[in-house]
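Down below are the structures I want you to see.
Shared chain: subunit A. Partners: subunit B in the first complex, subunit C in the second.
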Partner chain A sequence: MTGNTLDPYSDRYAHRTHGLAVSEIRALFAVANRPEVVSLAGGMPYTAALPLDAVGSMLGELVARNGATVLQYCAGQGDVRLRELICEVMAEEAITGASSDDVVITVGSQQALDLISRIFLDPGDVVLAEGPSYVGALGTFAAAEAEVVHVPLDSDGLVPAALEAALEALRAAGRQAKFLYTVPNFHNPAGVTLAVERRAQIVELCERYDVLIIEDNPYGLLGFDGQTRPALKSLAPERVVYLGSFSKTFASGVRVGWAYAPSAIRDKLVLLSESQILCPPMLSQLAVAEYLSTQPWREQVKTFRELYRERRDALLDGLDALMPPGCTWTKPDGGFYVWLTLPEGLDAKVMQPRGIAERVAYVPGIGFYADGSGQREMRLSYCFPTPDRIREGVRRLAGVVEQELELRATFLSTEPAAAKVRWPRGSAPGPELA
Partner chain B sequence: MISRVGELTAVVLAGGLAFEREVSLRSGRRICEALKGAGVAVRTMDPDAALLAALDGDRPDAVFIALHGADGEDGALRSVLDLVDMPYVGSDAAACRMAWDKPTAKATVRAAGLATPDWIALPHSTFRELGAAVVLDRIVDRLGLPLMVKPAQGGSALGARVIRSAAELPAAMVSCLSYGDTVLIEPLIEGVEVAVSVVDLGAGPVALPAVEIVPTSGVFDYASRYTAGTTTYHTPARLSAADAAAVADVAVRAHQALGLRDLSRTDAIVTAAGTVQFLEVNVSPGMTGTSMTPMSVAAAGLELGEVCATLLHRAATR
Partner chain C sequence: MTGNTLDPYSDRYAHRTHGLAVSEIRALFAVANRPEVVSLAGGMPYTAALPLDAVGSMLGELVARNGATVLQYCAGQGDVRLRELICEVMAEEAITGASSDDVVITVGSQQALDLISRIFLDPGDVVLAEGPSYVGALGTFAAAEAEVVHVPLDSDGLVPAALEAALEALRAAGRQAKFLYTVPNFHNPAGVTLAVERRAQIVELCERYDVLIIEDNPYGLLGFDGQTRPALKSLAPERVVYLGSFSKTFASGVRVGWAYAPSAIRDKLVLLSESQILCPPMLSQLAVAEYLSTQPWREQVKTFRELYRERRDALLDGLDALMPPGCTWTKPDGGFYVWLTLPEGLDAKVMQPRGIAERVAYVPGIGFYADGSGQREMRLSYCFPTPDRIREGVRRLAGVVEQELELRATFLSTEPAAAKVRWPRGSAPGPELA
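So, the complex of A and B:
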């Protein structure tokens, strides 16, 4: 009698598919979607702040006026008019003289990350990435069966000396990183920004060690001071693949991003993208192009900046007022996220059920590392809840941390911190959290 | 007067705010489809502040509770449904309160003559006041190793851990007590793990064929429960006729001792010596694609939709 595993295909999956499993973490995220829960977990842009009537009229006119094209296939590289407009957007961050020929439209920058992983990574290859790093990128690297070597961040972003040490260690081991993956502006999840003076240092190191840079920049226009920082791409155009997105500056639901790459890499991106999706969705592309052409998009970005700054302030003020001693956190100058470190010995993943029971959600830090680090850390998002809800969420979170401190004092006062536990594959937050 | 199942209207409650929300949503969809297949007019609701008004506004003949965890199993929601005279499938609030609290359920079935592993259930405050180290030492002295540590209330193995050395206990306690204030500790019983569903379709509670559970990882944890391919199920369980009869008897007697109604699922271990050890009972058993009750229903030659519709009919006409 052989029994039933409920999966007749379990002996046929690819090697990389094994280990994909449901998990307790994912189960708890399901509760976070209920309105009773203050979710500081989700990274959802606040699309309600868009001029929805104007966008609605624009979309209607777009289809009425040009429907036969809007609802048609297009070239695999993406619509040329949108690619030209993207060059204007990139100029906001010092990428001047960009050629639309080298821009490839993707389904969000997440598809670009997947394409990059498929193009460059064989199993066992090394990727350098900040520690912590964007969970969606780590997912594509894991799917490619790559090894991620984390490089520490501080309040000024990626630490050049640490990057050099990592590069040197790899060289000493006879290994070469395929690329450095970095989110220089208003980092997801850490909230920090790479200092301008460090940018040249990072580029110089990557030149010296001959490492490609994947610069992922979805938040660059969301600096609360209204200023932009020069993109790494502007410092070394042939060394950098730049990834952009309209998810945060316009609408995450249109799923339009892009890669701006050296020509040889661009060709690979186009060919591989065509095999994945034939072409990016024309309706979304032309919606973005129309939005950039007919709507005051820079003013809208300013509106988003002010809205997110108010929410950032609510979160930081709440943390200052309420969190127990021993907690530390980053102070972002833009973007969506604060990275909080718990007092010694606490574990954000272990604490998560208590958080859900108290109706507050966050993302445990281990999801943002490939090596099981981050147990004391968590990501808090301020982009979606209102300031009042954020304050209430922090109040609840502070109570949860207090209770965990008490629990730990009871049981683990003399115990060392728990061993590293890797984030179970398949338990990465869904798109609404990433 | 409802005379035929096909005339029934039902609300399936699924979701909720308990840790098992996702499982509940999956169970709810499955029950909903099954009831539709049996001709019942059904809609699904997530219990929230709009629930009572919605039930008043478009009153179904009965409610099918597909909520797991506290929302569906601690009796509170059922008390409210009783309050508004809304019939529902399953056990009443008082019985649920006994079954939901594992130490209470274990004490009740032991008093009824069933075997269950020894246990101790303690709240965090006891450890804090008496000193965790000394209390845990005494627990290990008395119950031995390995141990099973789990929240005194809750399901789907959330927060449950197998402990093989005393050094693992403090961290397991912290993890477990994040799920609830009281921890249940019992010796880990080795043997054949079975789940036995009991249904009462009108002729009294009857045990369906037991499902034998063989998780690839060795531990039937959350991932093993809900990831297809990670656990092998044998239905009926590979037991001797005598052992199969014994597990069926234990499940029915547990159902009766706790005063349960309509359906339940008892989790038990059959030891090498042939003793059936009761572990816990579930008053709102999972109905997902990887849940054991639907497997037992199929092994009994029954249709899930017909079973659910019959239970619904019984509830509506009670």
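So, the complex of A and C:
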């Protein structure tokens, strides 16, 4: 799509435009959405679990009663009543005493990520991010022509020693990261959560190396034990820009997110958002404000948690029962995602067409890295399909992986022993398969 | 707000961020919105004229019936049914045979302007735009660090000879404009409309000098004679990116606009919009699609036209009756705005605090130019206040202008004849006032 010599406008684009590329996820959606395919690919919340009649009545009454305001422009920072309610929502994760003055409403937290990228990133600037990381964040960093340095995760989230090593390596190279981008809770795509005892360590490292933190927290209220963990923002308010969203706790179709930022950064966010969209949609904002004020939203979050826990269980049980040896995966305590690693020698991207042929979709791991790694990895989402469909999806996926392993074993055994086998993207066959 | 040495983050921002500035309009809103002030400043549509009960019922039913989709993510390009309906709307202005494939839904046409700026503009690039021009467009061009070259308007809109001179001057300087940005119908802020016979001339010039056209048309259906004029897009489809909006024909609070672009540019728009917001709000999109499908939207546009015509008449009649000699203003045939020029020697920005003290607000002209001109000019909006309030506002404004003229006459008569009077921003006193 880019660099196409048939594009008659190609000599007119800005420099940055030539780097625009289709994400791995987007290219997949057309096929993944066919009804016969079990999609473990998308991150769509299960909006059918909302009380649609009640939300419909609420909206109808809101417009009939207050439509001239609901259907009007508003200030670029967003509706003040909603910003006050957001402060109450953030208090659930230990952010107390927040001022609505420092909250900026955005079109999903994606817009906040884009604003942050534009405010801070010049071409060539360094961003630290978990490896893997949220594909939409990587997209905004790429659009800003920044360089992403990945920091490894383990089952307790971002690894402090690895972060310190990355910070030290940058310092040794005379470079400074503009910020650390992190998803502490129920990570997308990795499914892991930053251990509470690591949170102070991460913040301390960022203080010591004077690096801002962008804390992206769309899933924090979706912990299956019903507990929340303290936000990094609560530990170092002036060091952290906190991003929240109603996409997973209420409805993604309203596109309401927010940034809660130190005042000087908030000023920039407001100015740039006005330049980008004038103001966020009042219809969406007042729908959320009304929902938070008049509907039992905490009970609905509980309903979502229980629904997603049942689906997570269906996925993990299926993986335990069916996946061939050599596969490993994370065990999420909340959120939407499991991160699966294939046996050595397999490539999730290469395997993808066979998956689609067998009517199961996932997202190959390489889309979640800026550096081309993640070939053996894939993201599995359990948020949208029913448990039965999830079990069927895992059955199909396990079959595909088994076929790939058999094919590979056959291929290896018929190759002349001395021949150098070339695997795509440098992922050499592992010794256990030789 | 920018360059503040108290900003602890000031050494971290991207280069472009240091140029972010508060618009003339934004700085004004806090005071202009006080109830005792007659605001001729804002461009807010009169949403109270919508059938709010009917729109409320429609929305309530839409969510109750189809909520799981209404409250869900969608494709980045926007809902296909809405895109098809938009093609019908564009047919009202001679754009026939449009394909919904080439329509991209945006968060108001402001987002489309931002996307266009990011796709095409490198720092230092040249944009041609009317002088004055829409302040929100100038904001996106400034955020992209582009240079705006203004082309004069007259009562028939953009002047072809002036455009040719600007194109020729750029060519002589070895430069090429990335695009011409134009609002052909009921211009914001100038209130004038591009004469039909000029449209082919403008397009021909842009063909000859190989310059793209960004045609921004939020007001085209709001002509007071009920007639529409052919869009530039209809004259040269591959030369023009057309921007539309429902903010003035339905509701600004849904933030639904669109770009209708040549396919290669559409691809870039979709990719960049996904990076910026993932997708536009489904709630807003399906609200508009349902409104267009089930409500008498053309009759509602007629209602708006008649309402705004009555207010335009109130404003023009008031100006005719009350404004002191030396003031001139445009006579809009549609849309929201009158552009007024003060007598020589007055400065609309300098006069603004006196206007607020007398409880009338307008927008000083300099915000609508990228080059600091427009000191004697101001934008007067008649879209939101009732006719009685408009008449009262004009009475107050006329009083303020008269006081300024008297003050100035007194000041001049008491100055030593030989003294060089320094007027702000180089606007010398005119001979008729000496």
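Please note the rule applied: the second predicted complex is superposed on the first by the 393 of 434 C-alpha atoms of A that agree within 3 Å, B and C clash if a C-alpha of one lies under 4 Å from a C-alpha of the other, contacts with A are read in each partner's own complex, and residues count from 1 in each chain.
FYI, contacts are C-beta pairs under 8 Å (C-beta built on N, C-alpha and C of every residue); 3 or more make two chains touch, one makes a residue touch a chain.
Since this is a predicted model, take the numbers as computed values, not measurements.
Q: Touching A:D7 in the superposition: subunit B (first), subunit C (second), both, neither?
A: It touches subunit B and subunit C both.
Q: Check the residue A:L128 against both partner chains and state whether it touches subunit B (first), subunit C (second), both, or neither.
A: A:L128: touches no partner chain.
Q: State whether A:V159 touches subunit B only (first), subunit C only (second), both chains, or neither.
A: A:V159: touches no partner chain.
Q: Taking the superposition as given, does A:V31 touch the first partner, subunit B, the second, subunit C, both, or neither?
A: first
Q: Check whether subunit B or subunit C contacts more residues of subunit A in the superposed model.
A: Touching more residues of subunit A than the other partner does is C.
Q: After lining up the shared chain so the two structures overlap, which partner does A:G60 touch, if you call subunit B first and subunit C second: first, second, both or neither?
A: second
Q: Applying the touch criterion given at the start, work out whether A:R16 contacts subunit B, subunit C, both or neither, answering first, second, both or neither.
A: After superposing on A, A:R16 lies in contact with subunit C but is clear of subunit B.
Q: Just to be sure I read the superposition right, which of the two partners does A:M378 touch: subunit B = first, subunit C = second, or both, or neither?
A: In the superposition, A:M378 contacts neither subunit B nor subunit C.
Q: Return first, second, both or neither, reflecting whether A:T410 touches subunit B, subunit C, both chains, or no partner chain.
A: first
Q: Looking at the overlay, what does A:V350 touch: subunit B (first), subunit C (second), both, or neither?
A: In the superposed model, A:V350 contacts subunit B only, not subunit C.
Q: Which subunit A residues lie in the overlap of the subunit B contact set and the subunit C contact set?
A: In subunit A, positions 1, 4, 6-7, 9-10, 21-23, 26 sit in both the subunit B and subunit C interfaces.
Q: Okay, in this complex, where on subunit A does subunit B touch?
A: Those residues of subunit A that touch subunit B are 1-7, 9-10, 21-24, 26-28, 30-31, 34-37, 347, 350-354, 356-357, 359, 404, 406-408, 410-412, 415, 418, 424, 426.
Q: So in the complex, the part of subunit B that touches subunit A is made up of which residues?
A: 15, 17-23, 25, 46, 48, 124, 127-128, 132, 156, 158-159, 170-171, 173-175, 177-180, 212, 214, 222-223, 226-235, 238, 289-290, 295
Q: Once bound in the complex, which stretches of subunit C touch subunit A?
A: It is residues 1, 4, 6-10, 12-17, 20-23, 26, 29, 44-45, 47-48, 50, 52-53, 55-57, 59-65, 67-76, 107-108, 110-111, 114, 118-122, 125, 136, 139-140, 142-144, 178, 212, 238, 247, 250-255, 262, 264-265, 267-268, 271-272, 274-284, 287 of subunit C that touch subunit A.
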